[in-house]
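Chains: A, B, C and D, in written order; residue numbering restarts at 1 for each.
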Amino acid sequence: MTQDTASRSAILLISCPDRQGLVAAVTDFIARHNGNILHLDQHVDADENVFFMRVEWDLSAFTIAPAHIASQFGAIAERFGMAFQLHFSDQTPRMAVFVSKEAHCLYDILYRYQAGEWRVEIPVIISNHPDLGTLAEKFGIEYRVFPVNKDNKAAQEAAQLELLREYRIDFVVLARYMQILTEGFVTHYPNRIINIHHSFLPAFAGAKPYHRAHERGVKIMGASSHYVTAELDAGPIIEQDVARINHRDSVEDLIRKGKDVEKLVLSRAIRFHLQRQVLVYKNKTVIFG
Amino acid sequence: MTQDTASRSAILLISCPDRQGLVAAVTDFIARHNGNILHLDQHVDADENVFFMRVEWDLSAFTIAPAHIASQFGAIAERFGMAFQLHFSDQTPRMAVFVSKEAHCLYDILYRYQAGEWRVEIPVIISNHPDLGTLAEKFGIEYRVFPVNKDNKAAQEAAQLELLREYRIDFVVLARYMQILTEGFVTHYPNRIINIHHSFLPAFAGAKPYHRAHERGVKIMGASSHYVTAELDAGPIIEQDVARINHRDSVEDLIRKGKDVEKLVLSRAIRFHLQRQVLVYKNKTVIFG
Amino acid sequence: MTQDTASRSAILLISCPDRQGLVAAVTDFIARHNGNILHLDQHVDADENVFFMRVEWDLSAFTIAPAHIASQFGAIAERFGMAFQLHFSDQTPRMAVFVSKEAHCLYDILYRYQAGEWRVEIPVIISNHPDLGTLAEKFGIEYRVFPVNKDNKAAQEAAQLELLREYRIDFVVLARYMQILTEGFVTHYPNRIINIHHSFLPAFAGAKPYHRAHERGVKIMGASSHYVTAELDAGPIIEQDVARINHRDSVEDLIRKGKDVEKLVLSRAIRFHLQRQVLVYKNKTVIFG
Amino acid sequence: MTQDTASRSAILLISCPDRQGLVAAVTDFIARHNGNILHLDQHVDADENVFFMRVEWDLSAFTIAPAHIASQFGAIAERFGMAFQLHFSDQTPRMAVFVSKEAHCLYDILYRYQAGEWRVEIPVIISNHPDLGTLAEKFGIEYRVFPVNKDNKAAQEAAQLELLREYRIDFVVLARYMQILTEGFVTHYPNRIINIHHSFLPAFAGAKPYHRAHERGVKIMGASSHYVTAELDAGPIIEQDVARINHRDSVEDLIRKGKDVEKLVLSRAIRFHLQRQVLVYKNKTVIFG
């Protein structure tokens, strides 16, 4: 991973119908303008005949100014029918964290934030409860409470969206936020709202997954991080992991053990997102290496 | 595990309402008759107030003859309302394997059988296809083909049951047998038919789990071994395990990688069953250590 | 696990030469005095002929006052040559955390402390560097700095020991404390100093394990939590876990991924210790279920 | 993975000093001659400034005949100082398996061989013991016994090498072959002898790893597959995996559980080798995705 290196790099995420010459066209563009490839990963979905690529190159000798790369690459993109995103390693995305009362994911996020593990800015934490305000305060991050009930949900979501705009938020992380966002809200951040669900999806989607896992007597439980879509717990999965359990584990044990899985899975998903390693396609994700 | 030791041991599996003095009563019974405990594991389901125990003891100095242990223990069992099973380490259970066309689980079973890893007798392999007959023959095990279709299913199951009786089969292993057994069949072997389902249950119960896992874009897939009940893929889970996958894996890759998980999960479940480590309770299993 | 239940329980950890009647003698003692067993786990090391047991019982109807249990049980212990420890679920052990500059393990500990996940008191954090003082302050825990060099090591350890005594510390957690404690120090807390080593011991004991793992090209790396003994990284292992890596991972990636393993492994080891689930024997641990 | 597709593909494995334009040069070569890239994976070792690449492309419309690809690509390779290997998906490598008395790895290999999971030919199994001859015979594979002792080792290795030449063996798999091959032997098959060692290397290299793992009281054990070099158990690691164990597991349990890890790790390593996914560099492996 090159984000940590001193020099600036560009990252191109591409998808298009597969055909001959795609890699050659892109890498030739980079080489001709004196870019040195730091990392390239591509994937062809043979069933769908779709090509995916992530390429990152060093800009130190690149002969096109960053501001003009997108337009100059546009000609190649057009020729091949490519959809593409261009990112730069020195951009710092702005992330808002939504929480309710549970602190484990927020702690994990705040540790990484404070340790500089991620290149990210967290200007605001949003909650439907005041409980974690003290923790946010310890880290000097603004904490805004929006109590939500049936009657005020639309108004509160509108106010939250306004706040996100104000803070120029790039993406949202639901760190065990116990409210279901409306489709209206989700539409504003397509593939830019990351949720952690406390089950091994698609098993136990919806409410109380640990209770249902205990009831079913599974021997392994898990957590799943996914982009939020209109359909509950059905968006593209970014990352999953599991933990072994046994008959001795009560629901409380599942909850406790589950928290350790949840926080790591969510933090890994956030990292993939920040590193521009994720492409969403047909409600699935390609996670580039 | 003591099955491999030269001397004979007895295994008692107990369940009853929890109350004071249960362990004391059982272990006193063993100690008074000169039994040395090799292994004891107990569990209390605090929600249901049910007590479970597995205890295994050395019979070399035990003063009650094996044939009389059950009746003599009966008085204790009655006093505490215990349901119990008594097994002996030198009994060799008789297992029938049902297969269709896939060989991976059968190979794994035959390897362990030939290597003496399990104390078990496999007198017969039953299939709805002739394909694996050659493999069975290599290992000198009788292979019986019962082609099954809508019209003859009842008759074929009756013939299979007859064969199982003839061979005095104690329990049945469905090693990727691609037929759904009727409730009528299952009733004859309650908690004695072990199936391997190629998904991480309860996700992807039913047909084509790998296709559906691929479609959903999960990052981890699994296999589940369970006792067969009337409801499809819904019986008590004995063992599960998982494998990590990614966007590069086609359905064929999932099938290939899944086979490795399936065979190990099934073989571990068979071992638990053979070692008398399993108690079924409320459609869940207690797996004793 | 019963620590969280409202009622008080007693925990007995026992080891002695194996012989007949051990479980019966202990459980009879409990039953005769109206104790209801909540959990019992035993183990026999057949090679060494040693018996181990952990039993926990509810004290609500127990007819011996807690203060007299040890002396009354003493007669049984003597008869069988048992070494034993008696603990009570409502005792709150006092733990000191030693750190250097890395914060990940400390964060994980502080989260669990603040969330009430463990029954423990942390009156003091000790470090050889001032760096994590701000974090300790956020959580209102005293932070004491003891800069250590070749010349002052003995004096500083003496001062640390004095501080531990002052605070009536029961056990010490080295949460990535980058100093080797002298044998003199270790002797004061036998099997009561828990370290986290950032490798899968016994591989890469000693300095710079991630660099050496990278150099060797291993495909899986790990972390190990163990009790500290006089010999470096050679004490009884309490818990280990691993993470998969590949050729893309630089030393920095190993360090980053390793931190996630380290913090979970250390926290699990602390929990085992707090729950009185650990018995040390022949430089190994029995971890009771 | 494209090995299973009907059409023929070429695979190029490349390593060279990193510089600008490498990917462009190679992919342009492919595109200019009407090759469609099926899969491309590259890696730059930033510390060593070395570039690695594996690229596979469809030959159905490729305008250079397979026999001339290497020479035509040679000009590019020379310009960039590339070391390269060229393989074709329809080549069937020839593999010899060396065994002693343990059958678990051989079973796993024979299952995959018979099921057509790998594109490989196994003309001969070599052993220092007659024990597994019956198994080999069941599968119609020649089995040759070379009893080895101190005095005849050199002569027997010479005879084995002669046999490998006779059978035009491309690579050798040591499926728990309990003899150490001499440097003289190894030299004939550089990075073409795959061994399975029954520990998580570098822990417990050498003899009796399970006994030593048990003695040390580790909580996780493993297996490692590596290319054989002159130094014992020190060659480039191809694949590793682990299994969780606990204090209940005797050495016999470790051996039993270890076999399941060994066979899967070895078979995965064989697959990587057959798929041309492995490049060896500085005693480490790059495993292409």
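Methods note: a residue touches a chain if its C-beta (ideal position, glycine included) is under 8 Å from a C-beta of that chain, and two chains touch if they have at least 3 such contacts.
Being a predicted model, the structure only gives us computed values, none of them experimental.
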Between chain B and chain D, the fewest steps along chains that touch one another: 1
Farthest chain relative to chain B (centres taken as mean CA coordinates): A
CA centroid of chain A to CA centroid of chain B, Å: 42
Chain centre separation (chain B, chain C; CA means) in Å: 37
Multi-chain contact residues (two or more partners), chain B: 46, 248, 250, 289
Chain A to chain B touching residues, read off their complex: 43, 46-47, 200-204, 216-220, 222, 236-242, 246-248, 250, 282-287
Residues of chain B that touch chain D when the two form their complex: 1, 4, 103-104, 107-108, 110-111, 114-115, 117, 138-139, 248, 250, 252-253, 256, 260, 264, 267, 289
In the complex with chain A, residue positions of chain D that touch it: 5, 18-25, 27-28, 30-32, 34-42, 44, 46, 61, 244, 289
